[in-house]
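Chain lettering (A, B, C, D, E and F) follows the sequence in which the chains are written, and residue indices restart at 1 in each chain.
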Amino acid sequence: MPFVTIEMLPGRTDEQKKALVEKVTEAVSETTGASKEKVYVFIEELRKDHYAVGGKLLSEE
Amino acid sequence: MPFVTIEMLPGRTDEQKKALVEKVTEAVSETTGASKEKVYVFIEELRKDHYAVGGKLLSEE
Amino acid sequence: MPFVTIEMLPGRTDEQKKALVEKVTEAVSETTGASKEKVYVFIEELRKDHYAVGGKLLSEE
Amino acid sequence: MPFVTIEMLPGRTDEQKKALVEKVTEAVSETTGASKEKVYVFIEELRKDHYAVGGKLLSEE
Amino acid sequence: MPFVTIEMLPGRTDEQKKALVEKVTEAVSETTGASKEKVYVFIEELRKDHYAVGGKLLSEE
Amino acid sequence: MPFVTIEMLPGRTDEQKKALVEKVTEAVSETTGASKEKVYVFIEELRKDHYAVGGKLLSEE
């Protein structure tokens, strides 16, 4: 703990995801005082045909 | 905001999903006063072999 | 099933919430073919001091 | 209701998942008093390249 | 890991919640092979005026 | 989008939470390429009597 869930569209490279979890873990650790080993990060990718803003799926655009 | 997540079994067509996010967005906008552009909708499909009622996976039936 | 979760800021009246779950249930039922009795809706209210856009909590504004 | 979500890494067999939802449903029913038919269980599998502890993805190890 | 989230209505005693997390942890550990120390359980209580089935909030009944 | 949810125990000050959402937003923006204005962060506090590790609620310790 803390547990961090990041929902985003697909398209990021493995390198970007590696940097993402590293930098987010540092940010959480520095500001909350939790040790880095206690920070869990989960990435969830949203499908464009399953995600809508303003009533329109992103895959429709 | 508001953020709406809809979890359901797979099997709906693209047309049904398109109508689903459109109609749900309208319902949320009309009753909460949020503008449609501010309503986010996410669809998540549940796998039959990962979803159980009464202790039994749906894939077992 | 389907299960619908609606996250939004507090401030809506009981009447608005009543209308919200009723209209969303109808929208989901009509477009997915699920009977209304099978539609579950959960409202979750977000705290202004726990919700940020662009790196700024809403309570800071 | 109750609704139970179990997030874990992939790798369990269908038999293990079957036993998992059965035993968890019994545990919830016995301790909360809810009838087994009212207990819903969802399994979600986490990807090793989307899950990090201490700032490191499990797929990096 | 595994992470278990249990959503239910309020009304259970502290003793029931204590038994709930203990029995669920045992059930998950036995069936998945994860050691008990690695099992995390979260309880979330649903408000009756924020939870609807069939388009009707439980608080309306 | 992206949407970031941070679950942690209560006890952080308003200043810590302000720094937390600011630093996490920067980390997400820098590594994913999303503009800061598109990053949403939600904090959720876990109750000690609703959170268990190894079958034991934190409030029991």
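Here is the rule we go by: a residue touches a chain if its C-beta (ideal position, glycine included) is under 8 Å from a C-beta of that chain, and two chains touch if they have at least 3 such contacts.
Note that the structure is a prediction, hence the values are computed from the model and not measured.
Path length between chain A and chain F in the chain contact graph, taken as the least number of steps between touching chains: 1.
Touch-path distance (fewest steps) from chain B to chain C is 1.
Per-chain Cα centroids separate chain A from chain D by 21 Å.
Centre-to-centre separation between chain D and chain E, using Cα means, comes to 12 Å. Inter-chain centre distance (chain A to chain E, centres taken as mean C-alpha positions): 25 Å.
Residues of chain E found to touch two or more other chains are 3, 7, 26, 46.
On the chain D side of its complex with chain B, the touching residues are 14, 17-18, 21-22, 25-26, 36-45.
The part of chain D that touches chain E in the complex is made up of residues 1-9, 12, 16, 19-20, 23-24, 26-28, 30-34, 46.
The touching residues of chain A, counted against chain B in their complex, run 7, 46-47, 49-57, 60.
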